[in-house]
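In this document, chain identifiers A, B, C and D correspond to the written order of the chains, with residue numbering beginning at 1 in each.
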Amino acid sequence: MSDPMRIRAQAAGDKVTVRVLMSHEMETGQRKDAAGKVIPAWFIQEVTATHNGKTVLTADWGPSIAKNPFLQFVVKGGKVGDKVAVTWTDNKGGKRTDEATVS
Amino acid sequence: MQTRREMLARSATVAGLLAGAGFLPLSAMAAWPQAAFDSKNMADAVKALGGGAPVESKDVSVSGPDIAENGAVVPVGCATTLPGVKRLLLLVEKNPSVLAAVFNVTDAVEANLNTRVKMGQSSNVFAVAMMNDGKVFFAAKEIKVTLGGCGG
Amino acid sequence: MVKPSLIGLAALALCAGAQAQKSTADGIAEYRKMLEDGNPAELYEAKGEALWKQKRGPKNASLEQCDLGQGPGVVKGVFVTLPRYFADTQKVQDLESRLVSCMAMLQGFDAAEVAKTPFGRGEMANVTALATWIASVSRGMRFNLPQSHPAERQSYEVGKRAFFFRAGSHDFSCATCHAEDGKRIRLQDLPNLTKNPGDGIGFAAWPAYRVSNGQMWGMQLRLNDCFRQQRFPYPGFGSEVTIALATYMGVNAKGAESIAPSIKR
Amino acid sequence: MHLTRLIVGGAAATALLAGCATGPSPAELDAQARQAIQSSFRDQGIAKTDRLNQDPALAACSTDKAPDEAAADRVMADALFTVKWPAGGQFVGDWRRGEAIAQSGRGMTWTDNSTDPKDNGGNCYNCHQIDQKEISYGTIGPSLWNYGKNRGITDVASPATAPIVHYTWVKLWNPRAYSACSNMPRFGHKGLLNEQQLRDVMALLLDPKSPVNQ
């Protein structure tokens, strides 16, 4: 259904910088279509990031986050070969998880 | 009388305390904080998340461009150098939905998050740090949004 | 309380002009820099690469045998040599119209149906994703369009004439905005497309992710929206004028380094 | 179909002229380009293919070379002849409405619904600096900051200002009257802005109270 995320996780020293791009409309619910009808809100509400299976960050998002969202965070105590996974859940119950290996 | 907002705020606080103490996995904090996202200003949003009055602090920073070529995508970041941070918030003062993001951080990540927000017009952007001890600090930055392109 | 702010305003007015403009330009440059890292075009690159390899269409075939000008299956380097003449279709084709030909020949899609599909929908969205990936494979290479076939030279000459053709309710041509150095619309710099405008500028920057509407745009949609803003009627997908204009811009950009897919306002 | 025929034609011509290494003549290429333009566009909403029809003023300005002096003079004379003066000699309206028109880049595209000038913007800031407070302005046209002030206008109704007022009206109505191949749209002549809208833009530029003249 939804397109995969792009997750880049790069280690430098014992820190891993993770950059995530998610494919999502992030519709605010404030816009109208050409016919003047309100386009219903459709946006990612929750994001969870795990490092080797352990949750390291959760986030609650509102409709102010830009379309095709970008998220960057830094994991402490990571190394090449570790797994970083990100899950998002939207307000319509849509959900997606993708995983990347730290390089 | 207890309003729905206060109730939600209280339950969020309790859940936060439990999670902080290791009683609950973070993912069980689940419930999306509707009241906070419905808030019309920073103080209300922080209150809805169980925090006190925010105090401006040099130890919190908000990053972003001075001018955004397009308000549809504005790169912003929030960070703090203070130990013991529980949550980092990003808010756009003049957006219909002022609260953009709540980051529940753990010791395993740096208190330095970057994302991109929409901005309907030039506005202050706030980064807020909610601490484990209940204190709340913030930083502000004005970002100008310009009109671009042919405009048709 | 009123007086100091008035003085402030006066001071502001005094140092406006050159200095204010410089800081605006700096601010915009800073904004663009911040967006470069994490270009959502990457999402479309990934989708395009998967589509290239996937067996699809009535013939259940992949596009891996598609000839984009340097032999079946060659992807690297083709982006900086298109549009060019293709003997099998007897046409000069740009990347997107060539992809539609391959989808028809190899996968059995109806080319006319694909060409009619609105941008961003169905198979047209797939064409854009494919073009995004194919462009990305040639990132950093320099434009060098062939001009040896008479049809390629004709395409250039037709493109040049179309570029200067003024019409529509507002009397605009491509040249109205893109024939001089150093001009802008609002705060957006306008490349001079009558010559090589420099590395990664103009023709060398598309496909691009458009921040303003969160869409991925190939050159066909870029030209389509230019014509919309020119108040022209609607150019057909892959029509002769759109391809001739691409040839004109591409040949003029000889030696320019491709940064596509890029990110744009 | 056209394309195939043209290419076959082109190839035949090339074969014929092999040795002198010449392609189609400029006139032949002009004809091919015209045909390509005619066959490449279709009607969409309010934007019909008749918009491709050029009047002499457009035809004279559609190459990379400026028209010769005689042709340019003809375009300018014709353009001056098209200008209609405003009803009751009322040249200046409300600068506030003028600013809104100057800001708007909307109108007349195939995604717009109407060709009524009241739905159109003037696109002015796309190409000109006007009020200095607007930092997002284009540079295709000259800066219009202090337009009236620089021309010494203190009272738009004074007879002494008439030449500037008339000049500005003509410039908005049909800029080709002064510059044969001006890039600026012919706002009055092409019905892009109505008389009242033009008055309002006039006010933005000329009214001593307009922010442009502070």
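What we mean here is this: a residue touches a chain if its C-beta (ideal position, glycine included) is under 8 Å from a C-beta of that chain, and two chains touch if they have at least 3 such contacts.
Just so you know, these numbers come straight off a predicted model, no measurement behind them.
K.L.:
Quickly list, by label, the chains bordering both chain B and chain D.
P.N.:
C
K.L.:
Which chain pair shares more contacting C-beta pairs: B-C, or A-C?
P.N.:
The greater number of contacts lies at B-C.
K.L.:
Compute the distance, rounded to whole Å, between the mean C-alpha positions of chain B and chain C.
P.N.:
So the centroids are 37 Å from each other.
K.L.:
Once you find the CA centre of chain A and the CA centre of chain C, what distance in Å lies between them?
P.N.:
The separation of the two C-alpha centroids amounts to 28 Å.
K.L.:
Using CA atom averages as chain centres, what separation in Å is found between chain C and chain D?
P.N.:
26
K.L.:
Using mean C-alpha positions as chain centres, tell me how far chain A is from chain D in Å, no decimals.
P.N.:
So the centre of chain A lies 47 Å away from the centre of chain D.
K.L.:
Which residues belonging to chain D are in contact with no fewer than two other chains?
P.N.:
Answer for chain D, listing residues that touch two or more other chains: 109, 111, 123, 125-126, 135-136.
K.L.:
Scan chain A for residues touching two or more other chains and write them down.
P.N.:
If we look for residues of chain A contacting two or more partner chains, we find 26, 66-67, 70, 72.
K.L.:
For chain B, which residues are shared contacts with two or more other chains?
P.N.:
72-75, 116, 144, 146-152
K.L.:
Could you run through all the chain pairs that touch each other?
P.N.:
A-B, A-C, B-C, B-D, C-D
K.L.:
Which residues of chain C touch chain A in the complex?
P.N.:
Checking each residue of chain C against chain A gives 37-38, 40, 42-43, 46-47, 209, 214.
K.L.:
Going by the contact rule set out above, which residues of chain D touch chain B in the complex?
P.N.:
Chain D reaches chain B through residues 103-107, 109, 111-112, 121, 123, 125-126, 135-136.
K.L.:
Quick one: in the complex, what on chain D touches chain C?
P.N.:
2-4, 6-8, 10-11, 13-14, 23-24, 29-30, 32-33, 36-37, 39-44, 47-49, 51-54, 57-58, 61-64, 108-111, 115, 123, 125-127, 132, 135-140, 183, 185-186, 190, 192
K.L.:
Across the complex, what residues on chain A touch chain B?
P.N.:
My answer: residues 15, 26, 28, 30, 45-46, 48-49, 51, 54-67, 69-77, 91.
K.L.:
How about chain B: which of its residues touch chain A in the complex?
P.N.:
Residues 25-27, 29-30, 32-33, 36-37, 72-75, 77, 92, 95-110, 112-118.
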